[in-house]
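Each of the two complexes below includes chain A, the first together with chain B, the second together with chain C.
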Partner chain A sequence: MSRNSALNEWLDKNMGRIFLAPAVTLILIFSIFPLIASLILAFARVRFTGGGFKVRFAGWRNFDKQLFGSEQFHLLGTFTEISVPGWLFGLLATGGLVWWMVRYVRSRFTWFGFIGRLITFAMALGLSWMFAATLLSGNPFGTVGTTLFYVIVGCGIQFVIGTALAFACSQTIRGSTYFRVIFFVPMMITPIGVGYIFRMMADTTKGPFANVWQWVGLGEFAWAADPWAARVFIIVADSWQWIPFVFIMMLAAFESVPRDLGEAAEIDGASRWQSFWEITWPHVLPIAATVMLIRAIEAFKIVDLPNIMTSGGPGIATESVSLQAYYAWRALDLGQASAIAYILLFITVVICVSFFNLVVLARVRNQR
Partner chain B sequence: MSTPARPHRSIFEPPAIGQMSLATKIVLYSVLIGWSLFVLFPVYWLLITSFKEATAVNEGPFFIPWVDFQPSLHAWKELFVIDYADTLRAYFNSIIISLAATALSVLVGSMAAYALSRVEYAPNLITILFFVALLALVAVSVGVWGIDWRLAAAVGVALFFFLARAVGNLYQVRLQNGDILFWIISQRILAPIVVVVPIYMMFQSVRMLDTHLAIILTYTVVNMPIVVWLMYDFFNSIPRDLEESAQLDGATMIGIFREIVLPLSRAGLAATTLLVMILSWNEYLLALFLSTSRAQTMPILVAAMNAGERGILWWTMSVAIIVMIIPVVVLAVILQKYISKGLLVGAVKG
Partner chain C sequence: MLKRFLGGTAAALAASVILTPTGAAADGKYDGVVVNILTRPGPVIAGRIVDRGAEFTEMTGAEIRVAEVPFAELFQKILADWATGTRSIDVGVFASGWGVELVNGGLVENLDPYIAADDKIDLMDIAPYFRDFNQKVSGSTYFITLDGDFQMLYYRSDVLEAAGLEPPKTWEEYLDVASKIHGQDMNGDGEADYGSCIFKKRNAQSYFAIQSVAAGMVQSRGTSEGIYFDPETMAPKVNNDAWKKAFELYKATGQYGPPDELNQDIGDTRGLAIGGRCGLMIDWGDIGPLSIEEGSKIKDKVGAVIMPGSTEVLDVATGKLVACDADSCPHAVDGVNYAPFAAFGGWTAAVSKASDDTVKAAAYEFLSYMNQAAQSNVDVTMGWTGYNPYRNSQLNDTSAWVAAGFSEASAENYLGAIRDSLNHPNMASDFRIPGAQQYTGVVLDPELARYLAGEISVDQALENIEEGWEEITDDFGRDDQAAIYSLSLGITN
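== the complex of A and B ==
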């Protein structure tokens, strides 16, 4: 009896820890430990021997090969001479970034903020020059460029269309409920399925739009063999699937705008246009930033659509960084796979944390 | 939608249909209907393809059953009569795995979220760093020096328990609940590809590859951050008076959680469950690594239909995709009224 009550007392005292412990333990085992192990693998060469594997320390060799060596064309792109527009864009970006840093240092300065912004600065600078040297100089870019293309262009399209549809549906119109249900449908379809469905849609000889393709004169056009057409098709499929997510979040956001604010504005004689930009939009914007942050985090992981729709082809034109790491793993090159994955992790974390600090949090700070 | 407001309409509501100008109405409806077609047509095409014979697919586009082509059930038969063993196994694997993973992650995640919203924690950063250093040491000794993992783990745990307090007392940097919350949520940024190789090697070394448990545990951890994030805000929005009075009556934390808090957060739980369920049901990359045959899930089965020597059999593929959609639709219909209400809480407060 006394033992039992002692146990109960201990339980009562530590209940807070017991509630948190399972989550923390699971994350430590399946997330933090693999993260550390992955970092070790990224600096190692792994060789499979009968039944097991041997890990040998390899220093920076994996990263060196990816960033500067024989795999550079694959990850970053082919670099030759930078063209005039490339120089223009690169210098413009450099100038803008330097101005941004100088402005920060002059206005307020903390070491923590400075180092964080320095990392953001370096990443933005590197990526701008990467685009200047590849895309703007007529060279193919690598998986990092492709992934960023999916994230930036894809999320941009999804944001604009999703928000527009949400705004339209937030008006009191007949049939609005039906539209909401219909617009939600693509989110329920598995991404693998979406990939195959859009392969059927895009078929220029047997697909539903074959006659349209013939009529336009693209009957023989093999979109999967053209880098930009293939990328655009993947973006279309990705957007088809994810616009519902943006739509449903933004719809909830539009409906949470307090009515009395709009009332007051209209009594003061504001037009609908004005009241939208001055009341609805500022209210919705912080939610929009959060929604797009979530969307971008997921978009960086894109792997199933390129794998299903094009297997990364033609060449490496539609390959995402995740897919490249998967192919490296499939070739049993665990060291390279981990190094690629870590580069992706680094880019994702820097971009997402920068976005969070500079866009989402900045709004919160300004409101105070 | 930039039409100026009419002076006398009831200004408290968005413009109802009668108050819009004809042009606005036409634009609005054509956008909405156009988008509906864009959304529904691929689904319609999927549906009719599942009833097509090979010739009806290969000889150009046919749109309307009984007019353009004769529908048949052969693809459905192929998947559910001839190949039924493979299909049903993958189907049941998917159901078991996503149900178990969802239940586990919602349970563990909401417990953590509740604790974070009600109890104050102050872990010492130095102790945590010490723990991470030990973890790295264990990983190196197992991976690089080839020490048996059980021995390494035991030594690591022992070292931590003996030295944790001593190391922690050297210097104190207290973390707060917000830091723990951010740490858990930030796990979502991790692309699965970063952690999947070590997870694969871990399960290989304990001979658990291609088992349900391995996939369930992995999915649980991958989805838990979402649960914590959504449920934390939800729990914060619940008034605390009830809990406080129950506490005065001597109720334990677990009792309060089970009998007061969970019933009050039904909307949040429903939306979270649906989201996590969809994510684990559709998950592809992790399953690709962790399952080969016995624990194969539906997405892997569907993706593998690409590889047959007869080319892609679009009709059976369509059937497989359709049967994958059905449970999600059923679940969404059941939980439908909670979805937007429950999801919003997280988004508004971020």
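== the complex of A and C ==
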């Protein structure tokens, strides 16, 4: 065998790896390495000094500070006494979760499924009691609660409005092409720009809409000084930007539904609602679930809007977990910033994986 | 068409040759040298560095490049760049108090040899506080002052005069005056205006304002007493009745402020002040020069006085407030203890130790050029620059101010308030220890914001601040911090 043919044979055998190598190398450099480096930092204290920086091992101290120490109020909220409604909610949630676990163990037990559900159980239990001890007991939220508010309420609103608009535009109505372009524009604006636009619009004393606010009797109302008004306004801005994403994805989903199915249902005497619920919705459900999953993952990372619109205020009322990590990083407290980022990663992964496995895949399995 | 294009190109080339500074104009000693400067976003502070940089390039050939980052990220960028040896920044322009950490890490060039060889800087014309405190660490000069900072109380002289009121001397009087003028139309636009404007936004400048309020209650025995720690143990002096009252007073001023004051930073309140919408306001020296700029509605209608004081001061042993007497308040005037707070200390410039020697020489020469009276005496009279007076020739001579547009009376009033603060024996120093930004920006600021937003009580806020400050002190090393803190308080006027 000549050297050339040996080389060709080697190339043939390894061509797949060779083509993949650049991509894998880039992923290692830009994704895996930062992930490992930040994991190391999460267990360390970093000090910048002459000649570089000093890193010393801190064990679980960064996590301990966030979850149980002086920063607990910031991340999880302020815990004092749990109110009666808080106890009721907490006990109900605990009972429901225990029933859910027992039902699983009794029906179809696998170790893999059990461990996954145990993690979901622990997360849901922790979050339930966190809400019981803060929101339902009159204590301030931490950044985890605020972030979940952005995710659940924000994504919910965006999904409903985006899907409704997509469904409307998927019908044969006049001007639908025009509206498709208009609805898509906000998504192309940078979040920082959106933040400044909405901050100006909400300024009741000297903003461009100050006269409008005065006219409707809100000239003396400061949305940024009230925790819930500020959170809601951030959701309004976030929704304005992200509804187009839901819209464009769901529009594609609605347009992919075969029209002959709807026509057949119509011939069979199905109403428009029956046609939608029995034919269109099951068809678009997997896409809708994916859209929500992508949107939720993005929403967990919200940082630009609260940073620009309120700087996380009033107090820490609008601060998300990502923004908290950013503020820690900005103060060069890299250990705390990494610990917060990993806590967020854990929460995001558990919630998103649980949602997909236990809600979406379960429904898809049921439909089959 | 081609002929027209060629003609235009030739004309443009000719113009560029005429307009470009020639070798004859520059001495060329720094030809090819680039000095990279990092500071806050312009035009405030950065804008004038760019302008003076262009002049310096014409004179010496050195190119001055100014990069800008948000205020909240400025110190960290400089620290990270200098510590890791990235060398993308030769000069940092920031608060002098932050620089102690950089000097402690061996990252800043000692400027003593440069100053010794500089016959133009006229160091003795710089006010003693800035010369001996702002520019120095452990007796050596590491920083060049570009701006002198004190917070002062500004008041609408026309509004107070019409109401028969005097400028407040204490914070209780401040609230009283604010309540009496709140709701008046102060700029003639038919709308009700505000009795008080003090920035309260989180992640902005509110933590400076609260220190200004607290200083008069915490410190009474002179600058060396300090307002933050026991110098021997570094135990925080924050969880006590003095700081508690300061927090409560600061929050109470919001009753007479704009409805969205909790989301207003210094830019917002200055806009309102210059627009004639505020009766009383707290600010650095900028309101004076800004009041004479085009569009201002308060030209010759604004007065300045030393920050309000207190008739009660902290008894450190008990943590309680006690009435001022000759023993507890040796510097009191008419029973009122004043402690003007040197908030931020002023924008100062430091040169990276890691830069090339030629770059360091060019950088120092440029900073000296900006600091020299010929330039700075003009710069401080222009509100948009963000520079406030720090030289005796700026503080004692009103001619430059009158030339800039002040009336003689306004200039004398404005400079008088700064002199009263600057020369006060009980002036309160800002943080000048490693971790200064963490003590304030990371711990004090969010706790204050939470209290202002009603999330926590003042007692909880002060407990949290005490705990947070203890953690930072332990992190940096208690003994080291104590030594530097004591040193930082040792210099008085």
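General remarks:
In this text, the second predicted complex is superposed on the first by the 346 of 368 C-alpha atoms of A that agree within 3 Å, B and C clash if a C-alpha of one lies under 4 Å from a C-alpha of the other, contacts with A are read in each partner's own complex, and residues count from 1 in each chain.
Please note the rule applied: a contact is a pair of C-beta atoms (placed from the backbone, for glycine too) under 8 Å apart; a residue touches a chain by one contact, two chains touch by 3 or more.
Given the structure is predicted, the values throughout are model-derived calculations rather than measurements.
Using the contact criterion defined above for the overlaid structures, shared-chain residue A:185 touches chain B, although it does not reach chain C.
After overlaying the two complexes on the shared chain, residue contacts for A:24 are found with chain B alone; chain C is out of touch. When the two structures are aligned on the shared chain, A:206 is found in touch with chain B and with chain C. Contacts of A:286 after superposition on the shared chain: chain B is touched, whereas chain C is not. Between chain B and chain C, B contacts the larger number of chain A residues. In the superposed pair of complexes, A:99 makes contact with neither chain B nor chain C. In the superposition on chain A, contact of A:53 is made with both chain B and chain C. Of the two partner chains placed by superposition, A:10 touches none, neither chain B nor chain C. Within the superposed three-chain model, A:332 lies in touch with chain C and out of touch with chain B [touch as defined at top].
In the superposition on chain A, the residues of chain A contacting both chain B and chain C are 53, 205-206. Residue ranges on chain B touching chain A, taken from their complex, read 1-5, 11-17, 28-29, 31-32, 35-36, 38-43, 45-46, 49, 57-61, 63, 108-109, 111-112, 114-116, 118-119, 121, 132, 135-136, 139-140, 143-144, 180, 184, 187-199, 201-202, 217-218, 220-221, 224, 228, 252-254, 257, 278, 281-282, 284-285, 288-289, 298-299, 302-303, 306, 312, 314, 317, 321, 324-325, 328-329, 332, 339-341, 343-344, 347-348, 350. Per the touch definition, chain C reaches chain A in the complex via residues 72-73, 76, 79-80, 83-85, 105-107, 201-204, 258-263, 271-272, 437-438, 441-442, 446, 449-456, 464, 467-468, 471, 475.
Contact residues of chain A toward chain B in the complex are 11-12, 15-16, 19-20, 22-24, 26-38, 40-41, 44, 53, 55-57, 161, 164-165, 167-175, 179, 182-193, 196-201, 205-211, 240, 248-249, 251-253, 256, 259, 262-263, 266-267, 271-273, 286-287, 289-291, 297, 300-301, 303-304, 307-308, 322, 325-326, 329, 334, 337-338, 341-342, 344-345, 348-349, 352, 360. Per the touch definition, chain A reaches chain C in the complex via residues 45, 48-53, 70, 73-74, 78, 140, 203-206, 219-225, 227, 310-317, 327-328, 330-333.
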